[in-house]
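What follows is a pair of complexes built around chain A, which joins chain B in one and chain C in the other.
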Partner chain A sequence: MSEPFEPKIIAFVCTYCTYAGADLAGTSRLKYAPNVRIIRLPCTGRISPMFILKALQKGADGVLISGCHPGDCHFTHGNYHARRRWMVFRALLDFIGIPPERVKYSWISAAEGVKFAEFINTVTEDIRKLGPFEQYSQLIGQTEASASL
Partner chain B sequence: MAKIGVFICHCGENIGAKVDCTRLAAAMGEHPGVAVSVEYKYFCSDPGQESVKRAIRENNLTGVVVAACSPRMHEATFRKACAEAGLNPYLCEIANIREQCSWVHTDNGQATEKAMDITRSMVEKVKRNNKLQPIEVPVTRRALVIGGGIAGIQAALDIANAGQEVVLVEREPSLGGHMAQLSETFPTLDCSQCIMTPRMVEAAQHPKIRLLTYSEIESVDGYIGNFSVRVRMKSRYVDIDKCTGCGDCITKCPAKKISSEFDCGLGKRTAIYTPFAQSVPNIPVIDKANCIYFKNGKCKICSKTCQCDAIDFAMPDTFVDLEIGAIVVATGFQVQNNSMYGEYGYGTYPDVINGLQFERLASASGPTAGKIQRPSDGAEPQTVVFIQCAGSRDPSKGVRYCSKICCMYTAKHAMLYAHKVHGGKTHIFYMDIRAAGKGYDEFSRRAIEEDEAAYLRGRVSKVWQENGKLMVRGVDTLLGRPVEIAADMVVLATAIISQPDAKEFAKTIGIGYDEYGFYNEAHLKLRPVESSTAGVFLAGACQSPKDIPDSVAQASATASKVLALFSKEMLEREPVVATNNEATCAGCWGCVLACPYNAIEQKDILDRSGRVIKRVASVNPGLCQGCGTCVTFCRSNSLDLAGFTEKQIFAEVMGL
Partner chain C sequence: MSIEEQYRTRAKELLSGGAVKMVIGYGKGTTPSRRRPLFITSPDDVERLMLDDACITNLSGYLVSEGLLSDEKRVAVFLRPEGIRAVNILAAESQLDAEQIVIFGFDVSGNEVQALKGIHVEEFSDVIRSIKEGAPEADEEELFEKIEKMSPQERFSFWQEEFAKCIKCYACRQACPMCYCRRCIVDSNQPQWINTSSHSLGNFEWNIVRAFHLSGRCVECGNCDRACPVNIPLRLINHRMAEEVLGAFDHFAGMSKTQEPVLASFKKDDSETFIL
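Entry: the complex of A and B
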């Protein structure tokens, strides 16, 4: 029997809600899939679409984004900007040939450790079903000699 | 060349039992740019911190990564240690391998792999960190307290008694708020007016307090230490400087049948009025909507009566602009209108009243001078039914939360009634008796044991009128049978809700609120009196339903926060702010649209002869809170966010 595919997932989260929610999952000793690597940002409003593309290019099989619930943003409306940007970007993803299912968006507050753990587990399962994502890194590899900055 | 130090903490067994720290340290030691990679049981301990400092000095480190618990835990600790060793504190980053790794994974191999990724990613980030300096902004030492109830007065007095200036703004004609309306207070049964009015006078006469009553906040701009606030002083049509408060105008005013807000509709007032006899300031206002002169153009009796020529029908609203360093929001609460409970008959039967109306009936300054008389015919009620949780803890019709004070005030009402109407009977329908507080449970037991309040556990299904009585049908769930009581008066313990304009006001001053319109604290447990906006603090029932002791305690806590802020000449802030590259900025102003804080200004770039070559965006570091929304918006990649630069984040992604 072959080893099950372990996807690599990169998460961009805001420090005030979801990062704190992830910490809460930790202090509550919840167990979840070890496939996600978190990158902490001040606000989801800071998340550039380029970060997502870079993550996928670097070999991530999936990307997830999470911040404060609408209305709860520490910076009053950074998450609304993020949501609008994502609505536009999702269509573009499809256009450039990246399946939008590989990028997941969620709201997880600082009090939602359980939701965080469940979200990580569902996303990991979903991405595992989609299989490894190689086409974009291959494409980049053809056009760019080196993928460094 | 980067010389990064990696310090891997076992956190006892918290990390060490799941993550192979020795393997992690060895792997990090091989990573390009890493000069030192060591492990230790507890890096946050004194010897642990010392070893970090020593390593910085001995190896001339250019950056530090501590792989340990969450940065929310010990980032400040290790940054301070770095600063003590002569390294800019912002060259230190934390790799979170406890909360987000060792505590949440079961497989040691996978946890170690993840810890390596996390640490490597942070090493890559720290290589690109810049030396940052905390931002210093000046502090205006003048506080604004919004709301003149007990919380606002307490906060204003505490700040003023410490020698700092306070502006106290109240939108009603008098200070006092809800506490001035109460009869006696639990659990001591001391008269509310007797403890409240001296504080009102003290606030009004305090040399450090500037009192603006009948005034509302028009706008708030600026940031911690440097707010500019505009206050609208609504026209009283009475000159505060000329009026002596003799009250002749009030006696003579012919419009006498206006329902009194202060007496909750149980009493009447005139068109020129003070809300109550002990008002502070004791200066009347003219209620324009009900004044005969404003309606018909004829009357002016008040003006003719006034011997000081204080009445001015042409008086306009005026505006006061204030420079403020800190704001205390103490805007209080409202009681819910119970008309959604058609079955209780509130609004249909005049003898079904709410708790606040009962306070007015029981108050010596109230419409009945403290006699318990039912509103319909003035008769003394012989049987009174109290219905608790009329709105609270009722997701279907009322609100989901517990209003906190109703159990106690209902017990108090039962006692006051028993003391005033001898032989009167009280029945109280309750869901639970929540009497947590100093002396509270003893107080509610006293209502039951000494004043013979009959507590019935259950809800009321219907109230209707029959033969001059209010019939109350409910259930006693402890006995498991329905009950019907013929009552003379029914008192509803109405839910406490936020002010009707609470959400709008929150947007004016830029603070957060919950689904009910109560203001959000920065942290429910550890920062309960700070709002999410720096420099704005919360006191009293605007944050959640509260009793008087809690409101006073919270108000004093805000005062101590304000005074701590005012104890400094300059404020230090985290330097996580946006910066702009003026050479590449195209002046599209997308960032201005994105910024939630109006922190981006236009700046002219001049040539030698003073002509404007181009206009670019310029970030005011005092206003910028560092969310980075503008950076992502920037079309020419000119903006960047210190501490979370594009380079740093891409490096983190590459490191994973």
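Entry: the complex of A and C
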């Protein structure tokens, strides 16, 4: 009996909004998919595209990025900068052949515990449908094999 | 008088009058069809300057060489429109003072070399605007469109094959006028974001990051593409990024020396259709 595929998902969230939103989801006893590992950062503006690549390289099937709604940033405009960066980075990933569906973005405030739980659930389902993403994490193994020839 | 001679005369005047301390131009290369960057400080050497359709390298990168402009003296440089745009970006990013740069502008169409009128970057804004309006296409438009039409898996395999050739020599970085960081992210090892060995993973990460750092800054001069010893079509990735920032933010790199860098600025109503 093969078990259903359980995707590994990494979430990069900002501490002021989405992390607090996740906290609210927890204290409200909302149940959501356990596939997400949350990494808390000071601001979405702190999320370097390298984080996303690293997560994929280390075997993540999907990456979530979430922060304060535009206008609500603790640092006034960190999320505006982040938004531009993602826009460009998404296009780059797409052109290189990394499906943009694997990297999801969202704004979740500290008051949106329900939205957080729902977001995690939908994304987990979406990634589960896409299946494991081994293309990227396997890059290293492929070369090692050919090098031993 | 040909443009080559005109520019030699101008270079001679500038150097002998002390208006500039150096002229960066093109000289004889290793083969008759190649030109090599030439750095002239004495008016007696201007005869070595050459200008023809083989002068393709973007020389603007030499302007940010350590210490070159720190004495506040002027430097003259031969630049095509892409090079002029690069100077604008370097000035916008506070890497140089545009006042110190005297431009010998030229453009090549077919075998014809035309002089571009002007001395300082501001005077070329019409030329740059007309390039933007002409919506430049990728150099290998066919291949570019082919890649665009592929499925993500096909694209991934395409680039995997291309990047497999990469030997991590970083010639693309060295040749790029925009890669002026004293310490490149790929040289940083605490933490080591990019695998330095030239296996597929390291090659992927390096080329993704290189393209990302150049998005909205690349002027598509083609220096990286020509420098690449294994002929990875790097210019296609850069072109895709240029298209994206032009479409999404109406940003055309190097329009003026006061243009805000696209990823260091924002508008409150930037598109966010992809954000849930």
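Criterion: the second predicted complex is superposed on the first by the 138 of 149 C-alpha atoms of A that agree within 3 Å, B and C clash if a C-alpha of one lies under 4 Å from a C-alpha of the other, contacts with A are read in each partner's own complex, and residues count from 1 in each chain.
Here, a contact is a pair of C-beta atoms (placed from the backbone, for glycine too) under 8 Å apart; a residue touches a chain by one contact, two chains touch by 3 or more.
On a predicted model such as this, the values are computed, not experimentally measured, just so you know.
Colleague: After superposition on the shared chain, which partner residues are touched by A:H77: those of chain B (first), chain C (second), both, or neither?
Modeller: A:H77: touches chain B and chain C.
Colleague: In the overlaid three-chain picture, which partner chain does A:T18 touch, first (chain B) or second (chain C), both, or neither?
Modeller: In the superposition, A:T18 touches no partner, neither chain B nor chain C.
Colleague: First (chain B), second (chain C), both or neither: which does A:K31 touch?
Modeller: So A:K31 only meets chain B here.
Colleague: A:S109 in the overlay: touching chain B, chain C, both, or neither? Say first, second, both or neither.
Modeller: Once the two structures are laid over each other on A, A:S109 reaches no partner at all.
Colleague: Quick check for you: in the superposed arrangement, does A:T124 touch first (chain B), second (chain C), both or neither?
Modeller: Touch status of A:T124: no partner.
Colleague: Check the residue A:L41 against both partner chains and state whether it touches chain B (first), chain C (second), both, or neither.
Modeller: So A:L41 only meets chain B here.
Colleague: Name the contact category of A:R85: first (chain B only), second (chain C only), both, or neither.
Modeller: both
Colleague: Enumerate the residues of chain A that count as touching chain B in its complex and touching chain C in the other.
Modeller: Residues 48, 50, 54, 77, 81, 85, which sit in both footprints.
Colleague: Given the complex with chain A, which residues does chain B contribute to the contact?
Modeller: 70-72, 96, 98-101, 103-107, 110-111, 113-114, 117-118, 121, 510, 512, 532, 576, 594, 596-597, 625-629, 631-633, 641, 643-644, 646-647, 649-654, 656
Colleague: Can you check the complex and tell me which residues of chain A touch chain C?
Modeller: Spelled out, the residues of chain A in touch with chain C are 48-50, 53-54, 57, 70-71, 77, 80-81, 83-100, 104-107, 119, 135-136, 139-140, 142-144, 147.
Colleague: Provide the residue numbers of chain C that touch chain A in the complex, in ascending order.
Modeller: 147-148, 150, 152-160, 164, 185, 193-195, 199-201, 204-205, 207-209, 211-212, 215-216, 237, 240-241, 244-245, 248-249, 262-268, 270-272, 274-276
Colleague: Tell me, which parts of chain A touch chain B in their complex?
Modeller: 8, 10, 15, 19-20, 22-23, 25-27, 29-32, 34, 37-43, 45-48, 50-51, 54-55, 58, 60, 72, 74-78, 81, 85, 117, 148-149
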